[in-house]
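A, B, C, D and E label the chains in the order they appear, each numbered from 1.
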Amino acid sequence: MNDKAELSNASASASMKLIPSGDKKWIILGLIIFVGLFTFPIWYNMLKCSAPIQPVVLSAKAKAAGYCVLPKSEMVSAHMQILDEWRDIVVREGERTYTSPSGKIFTMSLSNTCLDCHNNQAEFCDRCHQYASVKTYCMDCHVNPSKSLKENMQ
Amino acid sequence: MKNSRRKFLKIAGATAAGLGLSTTAIKALESTTAEPPRAPDPHAAPAVDTIKMGKPVIDETAPVADVKKNPPPSKAKQWAMVVDTRQFKSSKDLEPVVNACNKIHNIPSLNKKHEIKWIWEEEYKHLFPSLETKFLAEEVKHRPFPALCNHCENPPCVRACPTQATFKRKDGIVLMDFHRCIGCRFCMAACPYGARSFNYVDPRPNIEEFNPQFPTRTKGVVEKCNFCAERLAKGQWPACVEASNGAITFGDLDDPDSDVRKVLKNNFSVRRNVSLGTEPSVYYII
Amino acid sequence: MKNFLISLVAIAALWLIPYFAANVAVLKLLIAVIIPYAAVVIFLVGFIYKVIDWSKSAVPFRIPTTAGQQKSLPWIKANNIDNPFTKMGVIIRMLLEVLAFRSLFRNTTMSVSETEHGKRLAYKTEIFLWIGAMAFHYCFLVVVLRHLRFFLDPVPACVQLVEFFDGLMRVEFFSSVFSIGLPGIMMSGLILLAAAIFLLGRRLFNAKVKYISLMADYFPLQLIIAIAISGIFMRHFFKVDLTAVKQLSMGLATFSPVIPTNVGSIFYIHIFLVSMLVMYIPFSKLMHMAGVFLSPTRNLTADTRMNRHINPWNHDVKTHNYDEYEDEFREVMKNAGLRVEKE
Amino acid sequence: MLETIFKGSKSYWTLVTILAGLIAVGAIFYIKQLQVGLGITGMSRDVSWGFYIAQLTFLVGVAAGGVMLVLPYYLHNYKKFGKITILGEFLAIASIIMCLLFVMVDLGQPARALNLWLHPTLHSVLFWDSLVLFGYLFLNLLVGWTVLDCERNAVPPPKWIKPFIYLSIPFAFGIHTVTAFLYCGLPGRHFWLTAVLAPRFLASAFAAGPAFVIILCLILKKYTKFNAGKDAVQALSRIITYALLANIFLFLCEVFVAMYSQMPSHMVHLQYLFFGLHGHNALVPYMWAAMTMMAVAIFMLLVPSVRKNESYLAIACVLTFVGIWIDKGLGMITGGFVPNPLHQVTEYMPTFPELMISIGIYSIGGLILTFLFKMAVSVREEVSQDL
Amino acid sequence: MKPDELFRTEHQPPETEWTETPAEIKKGYYCYASNPKSVEHLDLPHARAWNPLEEDWKLPENWQEIFLNGFRERLTKFRTLKIFMDICVRCGACADKCHFFIGTGDPKNMPVLRAELLRSIYRNDFTTAGKLLGKLGGGRKLTVKVLKELWYYLFQCSECRRCSVYCPYGIDTAEITMLGRELMNLIGLNIDWIATPIANCYRTGNHLGLEPHAITDAMEFFTEDIEDIVGYDCKPAVFEEKADILFITPSGDLFADPGTFTAMGYLMLFEYLKREYDLKVTWSTYASEGGNFGLFTSNEVMKRLNAKMYAEAKRLGVKWILGGECGHMWRVINQYMTTMNGPANFLEEPVNPITGTKFENARANKMVHITEFTADLIKNNKLKLDPSRNDNVRMTFHDSCNPSRGMGLLEEPRYVIKSVCNHFYEMPANTIREHTFCCGGGSGLNAGECEELRMAGGLPRANAVKYVNEKYGVNTLGTICAIDRAVLTETMNYWVPGVEVAGIHELVGNALIMPDEKKRTKNLRMEPLPGMEEEESNE
């Protein structure tokens, strides 16, 4: 009764024949894009040939001292918090002296205590900070005493 | 509160604990904070002095008030300053004082609109408009007067600041916390002495001589004279006092034996616009 | 409530497993390396399988929901977005649906009010579900993008830019109870947590939503909340060595895994929960992330009168044709004066 | 209801596009300000608040002016305002958002803005100002939205909304009073140090806000099917008349106190504004223009036959609005800083970038207002089909 | 029940979880089981006599197998079903959008739960997670209880698609209901109000089972009435070969008021066009049904019934087909017909021979909606109209579900209404256009025995009408759907007495100034025209 040719590709409802629907190519394309995005880190790192992290270099003074205000492991993970609290205590409470758990006494000062020892930012701070993509704004105001103002401003 | 602020001491203990036993972790924190390390008295055992700024120079022969100067203290109830303006004959006498401050605090040189001033030179009529006389002595009229923050006992700027970025310390110093200042400049409107400056632009490119021991400021914050709190902490006189050749006396206003009290006892002094009730801590001997 | 509690117990278990396992070296390897790899593999395979499975099902009819004026006479303004008759219209409709949750934006809430004329039904604007959903999904996206810094070296500028804007507002607070300052607060994390709690709160306190909620609805929300909490705690309270973490994640991304030494159990909790979430996606309603693209009421043109859509399994059916009809009714037709084909 | 924002005529979209363009321009200049600092503005060490804070002051007034529509309707059951209260509430929303944005662009460290609540400082008026501003914003959003949505659904507003409506009335007075307290509690700034400042602010607000509402009503009447009704507009114009009179009266009180007492610290600021000081007279023409405008406006408004003519009324409202804008948006803040406490004169004029950023913010407010009014007008068109 | 008692203000779900709350089949809320003869007539499976209220539904031995196999088959045949089973997040946006939920307060009438009834079976039998977690994963075994619940709620959905407008994933409960009902059909769980019409339609060409002469008789009644009004008769052409247009409308309009007035409107319009423009429109008794209850049974039955339209157009050699005012008829024509029974290459691309307008939007389907057609005529000034003849009518317009959400026919009827009627008022914005509410009797739920369900479901629509009735004195509810005309008449009587229901072409007929007409004093309802009341009483 209708255009039989159109209907000839199937006969009964139970036995049906699937012809590929037109959207399959778009679905595959979408999947490829999705998987591509999801696995982005894998091929990005392959293309960039990312180098392993370069170890932090301690200055001679730091090496000689052999200690910091807290054990190294704690400094690695929590130094930002210490700096943060130091500055609050120094500025607002006027306390400037810090006694470490080991009994050593330090002046709480980024420029004058921390940077005095760790004076090479590029090989100390920046190594990890760049690797972990952590930007700081400490040096917007504070200065590295071992550098000129111009160097500090860069 | 101060004690528990030391909790970063044992921060790593909590690190290992994770959150699995957070109550234990917190207990661990508490136990470390129970015994705070005591801040040593700087007089008994000098602080680790990484700053070599030299000891205060005390010139006994200087023609100041005829009292023997006390050694620099580091604690006070209300720091105050007495300026013997008679000793500043011309701008040349004041210049080293201003320069000492500018240099030590990394103060930039900027145009008049944006300038940063902690201590600066003013004429009598501007400094004491309410004490103006019609026929002022010529010498006083042209005398350079140092203007600076009065570290008021009742500071309107502290009242106005919405973030406590400017606050009054227990020793009477009105201080700025540059980390907290949001740059709303309410304090500048509140200050009746024009003592506050705002960093309209980045100060760093305009700093001529530079002191690595003191931070610069970032654009967008207010700043002002801090009575050299950083030097007082180390038992040093403020830079201007040191550079004034004895013209400026500094000390604890609450201590009857302090230099400032001695000087004030023996000289007639005035303060700026006392009618406002701010109780300035900077006294001028005219 | 029962569903909520069972799911909560499951989350608690998932939290405790890595907490205890992190103390055993072998299990560390399991949690930091093997399970994440397994999760990714299960996710990718499951995801692709599911989508391919969907794509295998036919789209016999073009049945878009038309939520706007059709294209008909030239002087009637047609709505090509809510009733798209061109491919471009469909693309815009889908973009709005996926990026702006267009349909949810229409949401209303029914209420009954007493008026001077008796009871009246009102359908007021209900925008909070939309706001919550937008906040949740976009912050989730930002959080995921931010975490790329652990998997890419060097970290591309765009990732850094996302971080910069995310951390733009500085939150610095010091007190005896807790201190926040450095590292800075990331807004996305907090908003994500708040939005997830809001969505969970709806399920608990909105009677209708509570009634329809299954364990499968509570579990992913609670899991995401747990992930957000573990992440925020790791960032601000139980610090870990970030370089060590990045060495681990970079190792995973470059297929040369290393197990970090100086990393607290909070990190293992975080990565374990994330692995669980990733693994869970293909088996759950979270597949809506792919399904939304395939929904036939949204992604088809409403042009069925203009262009014929082909049904891949179209089959012949038995019909009652005119001849049979006339055979049955010829006499009455003739009596009624109707024309017949065969006399 | 929100979807009505997205359906509009060509002219509506043109307006939206223009505003969006201006916002973009403003944003570019703001980025510059973020990079360089507030140094790109005309502000200085002596005049440390300028155009931005002046706009805050003025717009707080516009926002507070909305209460002149809410109060008669809800407290005195003045039915004729029923149709336009929503306009007052929506105008308040747009104005408050502009206020908050002007504060944001005035901050030297906008990233730290949250410190305001992280370190709540009860003795700072700015803290309280932020509370009342956000409170008033919230109340207007809640009330305006709820009432309009109920209107659209033809149901009476829920009972719980009433307390919020009543609460919004003291808040309206509150925002402008607290904003006045920002200035009038400062020692050493004698221009502001007067108890009349808050009343004067309120009086000018109750003139400028309703004047703007009248202008908006007349625009809506011309371009949309929204008709506020003659009675409502006339009632508003009477409010403006009295408020403007009160404003001028209070100003003259100020002038009397300063000039009769002859106290220099009180006189100098008025002298600077109206006659110039030591040859500095940048604001003189503006101040006289403002005074003239307000004087002409008051004359027009006082004559009933003039007031009843809507074209003349429109002119009077524009004069009132612009006059008060100059007075509060230029003179009020700068006048307090010049001369400075050391009796030195540093003049202030906004710079081009400063103006562009301000235009950007005004465009954001305009866009919000456009959206909100579009919504209100659409709802009104839906529910009153027999008009 | 009195309207006030039926107006439920509480929509609080019960304390027990829905999976644990068995359905209770309530009188007034279900439709009678199908007459086995009707089922047999179409050779549909498992015809038998059964009663929903009885414990034993006489299910076939292997009903679970049939159901699950049918389910499985449909999961591959319909991507909609598979996606909709998988991606619902139960956000609840659809919950209070359903008129049956609003009206009955029964939480299982929330669209999400209606779908969950099926979804729980899907989870249990077709998903890994469901197989692993069982009940915890939200799965339910297919038991008789579950089946009965499913049946009960599948026949409390009128497939109006309102929920799908708000669903963030476009989940269309109408589609789920349709496929669910197909599964019911597989085990012979049909309802009579659908099964008998489809059997009728198959045999006689229309749902009502009107045999050819019954149709011509009805037409005669109409033409007599029209003659009374206009002065001459408007006898329509039936089975006219090589006519320009074949006209098909739902048979309901030939049978009962107020649809009959709409039918008279059509007759007058076609007579007008014949006299003025020599346009030949023919009717058919073979294809005398626009509606298609197959849509409510299964895709297969829908296709079987729909085939008659193209077949008849081909036989008669017309240029294209014009469709009357009907709701679900247009969903079938718009979204299924060309796919199922096309391509209709034997027809021409529709062009309005009077105005020359090409109906571009119907170029493949070759079927034009009567309001599109009339709107085009009016826009091109081809009809002489006197809208003041409808001045007694204060009109609002009810968008029927299918033309609005399955087609997008929103402006055309409004344009026609505004051209023939001076007083037109819209109902509140969230109840019209794509937000429109169902009449409550769509998808074969207009059976007498489920009247209470229908009245409850019609509440949201009626409540909106009540508003314009009170505010603007609206007395006429215009619709373009035959089911609406039947259902809403009853609903209005119940909820908003005094509001009549009318088809749009009834108003067109009233306003149309027929060539050489006598002085018109009466409208199509034989009531005096506005301004003619006096003369009427003088007669």
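We adopt the following convention: a contact is a pair of C-beta atoms (placed from the backbone, for glycine too) under 8 Å apart; a residue touches a chain by one contact, two chains touch by 3 or more.
Predicted model only: the values in this text are computed from it and were never measured.
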Most heavily contacting chain pair (counted by C-beta pairs in contact): C-E
What's the farthest chain from chain A if centres are computed as the mean of the Cα atoms? E
Any idea which chain sits dead centre by C-alpha averages? C
Of the other chains, whose C-alpha centre is the longest way from the centre of chain D? E
Between chain E and chain D, distance of the C-alpha-averaged centres to the nearest whole Å: 55
Could you please state the distance in Å, as a whole number, between where the Cα atoms of chain C are centred and where those of chain E are centred? 34
Report the inter-centroid distance (CA atoms only) between chain B and chain D in whole Å. 40
Distance between chain centroids, defined by C-alpha means - chain A, chain C (Å): 27
Among all residues of chain C, those touching at least two other chains are 54-56, 58-59, 106, 120, 123, 172, 174, 179, 239-240, 294, 310, 313-314, 319, 321
Mark out which residues of chain A touch at least two other chains, giving numbers and ranges. 1, 6, 13, 16, 18, 73, 77-78, 81, 85, 88
Shared-contact residues (touching 2 or more other chains) in chain D: 112-113, 115, 118-119, 153-154
In the complex of these two chains, what residues of chain A are touching chain C? 1, 4, 6-13, 16-21, 23-24, 27-28, 30-31, 34-35, 38-42, 44-46, 48, 50-53, 73, 76-78, 80-81, 83-85, 88, 128, 130-135
Under the touch definition given earlier, write down the residues of chain D that touch chain E in their complex. 152-154, 382-383, 385-386
Mind pulling up the chain D residues that touch chain C in the complex? 1-3, 111-115, 118-119, 145, 149-150, 153-156, 158
Touch list for chain C against partner chain D, complex: 105-106, 111, 113-115, 120, 122-125, 127, 168-173
In the complex, go through chain E and note every residue touching chain C. 7, 9, 11-13, 17-18, 43, 75-84, 86-93, 95-97, 102, 107, 110, 112-113, 116, 127-129, 133, 136-138, 161, 164-172, 175, 202-205, 211-213, 215-217, 238-241, 285-286, 299-300, 303-304, 307-308, 311-312, 315, 333-336, 338-340, 342-343, 357, 359-365, 367, 369, 372, 375-376, 379, 404-412, 415, 428, 430-431, 434-435, 459-460, 463-464, 466-467, 470
